[in-house]
Structure formats: structure tokens, C-alpha cells
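Pasting in a structure now, in C-alpha cells, and then I'll have a few things to ask.
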Amino acid sequence: MSSLLRREWQVALRAKGAIINPVAFLLLSTTLFVIAAPDTVSSDAAAGILWTLVLLTQLLALDAMYRRDFDSGVLEQTLVSAQVPFVAVLTRIFMQWLSTGFIMVAVGPALGILLGLPAEATPAIALAMLLGTPALSLLGSIGASVTVGFSRGGVILALLVMPLFLPTLIFGAGLVAAAEAGSSVMPQVYALSLISLVALAIAPFATLAGLKISLEMQ
Amino acid sequence: MLTLEELVCERDGRELFAPVSIDVRAGDYVELTGANGAGKSTLLRTLAGLHSRYSGAFDSVDCLFQGHRLGLDGLLTPLENFAWFLGFEGRDADRERFLDALQRTGVLNKAYQPCSEMSAGQQRRVAMARWLLSSRSLWLLDEPLTALDASAQQVMAKIIVEHCQAGGAVVCATHSELPVAQKRLLKLEATQRTPDGSVHSGYRDFAKVQDE
Amino acid sequence: MYFDSFGDLLQMGKHGFYVWTAYGATGLVLLISWLSARGAFVKTAQRLQQQAELAQRGDQSAQHRGDHT
Amino acid sequence: MLSASLKRLWHKLGSPRWFFALTESWVKVAGWSALVLLVWGTIWGLGFAPADYQQGNSFRIMYVHVPAAMLAQSLYIGMGVAGFIGLVWRMKLTDVAISACLPLGMVITALALFSGSVWGRPTWGSWWEWDGRTVSTLVLFFLYVGIYALREAIADQELRARASALIAMVGTINIPIIKYSVEWWNTLHQPASFGLTQKPAMPSEMWLPLLVMVLGFYAFAGFIVLVRMRTEILNRELGARWVRDWVQVRSER
């Protein structure tokens, strides 16, 4: 387990792009949005926009999730040699979540301010990101594992995972909106956690099955 | 070490070669030959557990698989790759052994260089060094000679012979002969499956059972 | 019959257009699904029949050649 | 004794040849009953059912919209279950079932969306109403398109089977979650739109035609799926002798 994590950490440090690019894309798309629709700033649509952009950022990062290891043969070695490939998949999803989900706990509130959300809503945004993004990485990993074998899997990946992201989007944006309105956020918190837990239960097994299918494809 | 009974691999619904049965014992070096597309790679991938469409049976101890893709992370140095790989066997990194292995395969000077900055031949030598470090006794090698110069081929032959003498076993798919003294030849023949039988992998056609 | 005249059935009290559009679409969808499914089956059966005929012609010509030699 | 015969049935179901022979009669039964039920339901629903005192006659679209929406979801869940059986017991027939249900499911979902919006126009005054049901059906449509695109992208038959089985299963697990979250979302944004006469339960002469139409739709789906499965079996078992014998028998008839 530790050797897996160490390797992921070394790769993350060397290929900083995996961390910087998602955040850069998020900032860029927020700016475009505000320029295109200035009156959305500090409107009740802001929470929804913020979450939609986080979703799209996650989608972009997913395509590369297994691609590098697939092309280099590292994925092959993992499935052949690892006594417990399940752990390797879980480590990979965890690292992916760190660079595209967990980081949103910090970046999200900053974007909230950019979008004119009230300052007291920022803790709610951070909480929503913390509870919601694991489901994105977990469910997204299933889609990524099945489409990694395709040369142009991007669109299919989006088609497969976007419907699965919908519940997280609804309750994530709902939580922020509830915080803005000052009402209790607990129902959304429970819902987001439930979705992430269900995703945690099915994602590793489904991802492993997906990777086995993709590896057999070439 | 590895026994195959009437093993036939399938791809796109058709059978790749005539059923194969062999018993690989410790110390055996088996050279797997056959025309292009005869199914050598598919057979090795099946034995490694990466390919699931086959009929017949095989049982094997855990193996080390070396496919066309080397399985080296380009961003990491050979040492870091080895540390990661040995993690699967639950063994911790031992720098001295790593450096010895790299020296043995003639790429010691690349020990601290990311693999992506090496030539294909040098990367293969790094992969070869990894065989030495692995504790797996059964090696499945898929055309390991590609992109290797003459001296590297000599080194590989020596490594394989030593591994077999030490009680390991190697199944190597290759087009060009490997300079190894005693070897067992396994040639994949084209399938003579009678055209009428359709391919059912994984289940017996109940209707046929009734006819028998 | 709920409606007193056929005309009334068509009009359905100003909702006729929507109701008949929905039913028309349904009929169309069901019809197309049926035709395409049946068509695919018939096409496959025909392809198999042609294959059988080809195989037969192959056997017959083989017998002819067999008689001459 | 029972478990032995169940096991035999289970193996029988696994064999395309046995399935093909067995369904020869089922297809006719499903086809004719679908025709009868649909015609009867349509005449009854259109001509004889009383109008809804709030919506007037536009509610008659319900007799087409509700069965389509129900069938759309049942077909997807059916694919999910077939996917599960296919992955766990490695049965080839389950992929034949998925490939048979997919096109019909997509078209029926599209029909549900279209008839829903046509129904919405006279009732709520707009062609598209973003409420719980419409959004769930729309997402269901994307779930179908996802599997369709996935199957297009994989050349190998066995891998295509396993990949679509996996995604159908994951999708099916998520359907209740999506439905729940969309319903919850709906309560936030949707002022309680006056639906059908929910307060006093629908009088029997109103929902009986609906029952007939639902049965008709499901019989029709059974018919189409069986025809497509039989076609797919013939395509996949081209080489088998029993297919040649069947062609022989068919050409003599």
C-alpha cells in the first residue's frame, strides 16, 4: 500500500499539471461565464454554476485518469502482479480525488466569492465540496476505466458519467443555496454523504471489472 | 509449475490455435513459436490472467508477465519503478540490489534518470533488471528481444538460463531463436475446428448435451 | 360512446390536436419499431437462405467434377 | 428434485438454440395480444373514458404517456438485471437480451418525452415543463444513449457484452438515487402544479383503459424484444448446424 502511495505521490509531484490544470480550467471557465452572463454574479444561479463547472472540471480530468498507466503497461503489471488489485484501484481513485475533488474544498469558496456568493456561504461551499466530490471521482472512475481503451473515449465518457453525477450536482448546489438562504443544510449533507458512500461501495469493484475489460481490448 | 490442458484461446469469436496441452516443470525453458497472429501474445496474456476468453483449462503459480508494453512509468526513475513493483510482492526497496541488477543488464548509469528519457533498448534492459529482482518463479515473456542489440540478447539468454537452473521456469514467445542450450519448443498450429460447430466459450450448449 | 358525433371526437373540445398528435406519434413509433424488428429478422433469414443455396451449389458442382474424373 | 429441474431450466436458458425453439410460439402470442390490447385500450381510452373535469380531454394523452414512461424504465432495469446475470453466470444470451432491449428502450423513452411535452402544452401552457418526471425521463434517455455509444465503440463482441452489462448495472443502481434526488429537487422549484384529479381517486372507467394500455405496451415490448433476440441469435450462431437445419425447414414451408 505504501509503495503504491509513494509512487502516486512521486508522479503527482513530477506531473504537476494534474493538479494545476483542473484549477486553471475552473478559474478560466468561471471568468468566461461571468463575462458572458454578468448578471449571474451574486444571483441565486451562482451556486448552480459553481457546481456545474466543478463537474466539468472533474470530467476533463477523468479522461487522463487511467490513460497514462494504460499506455505505459503499468496498469497491466498492476493487475497481473498485485495480490490485491482492489487496493491499487482505490489508491488511484483517492489520488485522483485529491487533485480534482479535495482541492475544490479550498478553491470552491474562492470561486464562490468571485461569483458574488455571500461570505457566510463559504463554509457551506467547502462542506459541499468535501462531501460531494468523492462521489464524482468514484463514479467517474467507473466510466474512465471502461473508456480508457478507446482512442477517442472523451465524449462517451461524458455520456456515461454525467447522468451519474446528477444527484451530487443537485444536492451540492442545493446545500450552497440553502446556506445562502440561511436555512438548515442538514438534509443536503445527509444526501451528499449517502451518495458518496454508495459510490464508494460500488466504484472499486466496477472499476476493476472495467479495467479488465479495457486491458483485454487491445 | 504450469499445466495446460486442451487450452484454446478465442478472439472476436473465433479460435486462434489448435488445443495446447503442456506441463512446464521447474527448470524448463519453453520457446513459444508460431506465425504472426497465431495467438502467441493472446496465449501468454491468458496465462497471466489478462485474457478471459478461452476453453480448456490451465493452472499456474503467480507469474511475472512482460508484454509489448514494458510496464515502466516514464516519469519515474528505474529505482522508483522497482520500489513500486516490489510493493506488489510485499517486499521493501533495497537500493543495493536494485543497482546490482541494473549493472548486470548494463544500464547502471541510468539509475537516477526518468525512464521516459531513455531509448527503447535501454528501457528493455531496465525491464530485464526487474525480472532479476522479482521473486516470481514463472516468467511469461512476450517477444522480449525486440529493440535489443546483440550484447543485450546475450545478457538476456544468460539471465534466463540462470533463472531456470535456479528452479524457475520461462515461457518465451519469440520470432528469433534465443541462444539457450536445451529448450522445449511449443509451436501453435492453426485450428482445425470443424466449421459447423459454433464457438461457445464458458458454457456447454445444452442442446448438444441432449444429442450426445 | 362519450362523444356524441364523430366530429366531436376529432375536436375533443379544442384539445383534439394535442391528443391526436400524441396518439399519432405513438402509433408511428410502435409501427416503425415493429417493421424494423421484423425487417431485420426477415433479412437475416434471407441471408441464411442464400448462404444455404451457395453451399448447395458448391456441393453439386463438386459432385459433377467428381463424376467426370 | 425441484432444484435439479431449476438447474436444468437455468442451463436450458443459457442455450441459444433451445431459447430460439422455445420462443417460436411466444412471439406469436405476444404479438397478437399486444395488438388486441392496444387497439382495445385506445378505443376505450379515446372514445369511451369520461373527460377529466379539470383538464378536459387532453388527459387522454395519459393513456399513451404513462405506459411509455413506465416501459422505458422497465426496459432499462431489465437490461441492468440481464447485465448482472450475464456478468455473474457468463451467459451469452443476456447480451442478446441487452442488444434487443436497447433500441426499443431509446425509442420508447423518446416517445414518453414527446407525449409528455404534448400533454403539457394544453395543461400547463408550455411545451416543456422542468419537473421531476420530465427530468428523470430525460436522464433515463441519456443513460440509454450512454450504453448505445459504448456498444458502438467496442468492436469485440464479448468485451462489448461485458462493458455494456457493467454500465447497465451501474446505471440501474443509480436510477433510484437519480429519481429520489430529482423528486426532491422538484419540490424546491416546482409550485404544486395541479396534476390529474388526484384528490378524488380516479374513477374506475378512467384507469381501467390505462391498465389495458400498460399491458398492451408491455406485450408489445415483449414481442419486439423476442423478435430482435431471435434475429440476433441467428446472426451469432451462423455457423451452427441447427441454424442450417432451421433454414432448410423454413425454405420448404
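Per-chain numbering from 1; labels A, B, C and D assigned in written order.
Please note the rule applied: contacts are C-beta pairs under 8 Å (C-beta built on N, C-alpha and C of every residue); 3 or more make two chains touch, one makes a residue touch a chain.
Everything quoted here is computed from the prediction, not taken from an experiment.
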A count of C-beta pairs in contact puts on top the pair C-D
Report the inter-chain centroid distance for subunit B and subunit C in whole angstrom, where each centroid is the mean of the CA atoms.
52
Intercentroid distance (Cα basis), subunit D paired with subunit C, Å:
19
Please tell me the distance, in whole Å, between the geometric centres of subunit A and subunit D computed from their C-alpha atoms.
32
Taking each chain's centre as the mean of its CA atoms, how far is subunit A from subunit C in angstrom?
46
Per-residue multi-chain contacts in subunit D, two or more chains
156, 238, 244
Going through subunit A residue by residue, note those that touch at least 2 other chains and give them in order.
216
Quick one: which residues in subunit C touch 2 or more of the other chains?
none
Go ahead and list every pair of chains that touch.
A-B, A-D, B-D, C-D
Can you check the complex and tell me which residues of subunit D touch subunit B?
8, 11-12, 14-18, 90-92, 155-158, 236-242, 244
Footprint of subunit A on subunit B - complex, ascending
45, 48-53, 62-65, 67-76, 80, 83-90, 92-93, 114, 136
Would you tell me which residues of subunit B are touching subunit D in their complex?
10-13, 53, 195-198, 200-207
Touch list for subunit A against partner subunit D, complex:
139, 142-143, 146-147, 149-150, 153, 155-156, 159-160, 162-164, 166-167, 170-171, 174, 191, 195, 198, 202, 206, 209-210, 213, 216-217
Give every residue of subunit A touching subunit B within the complex, in rising order.
1-4, 6-7, 10-11, 14-15, 69, 71-74, 76-83, 212, 215-216
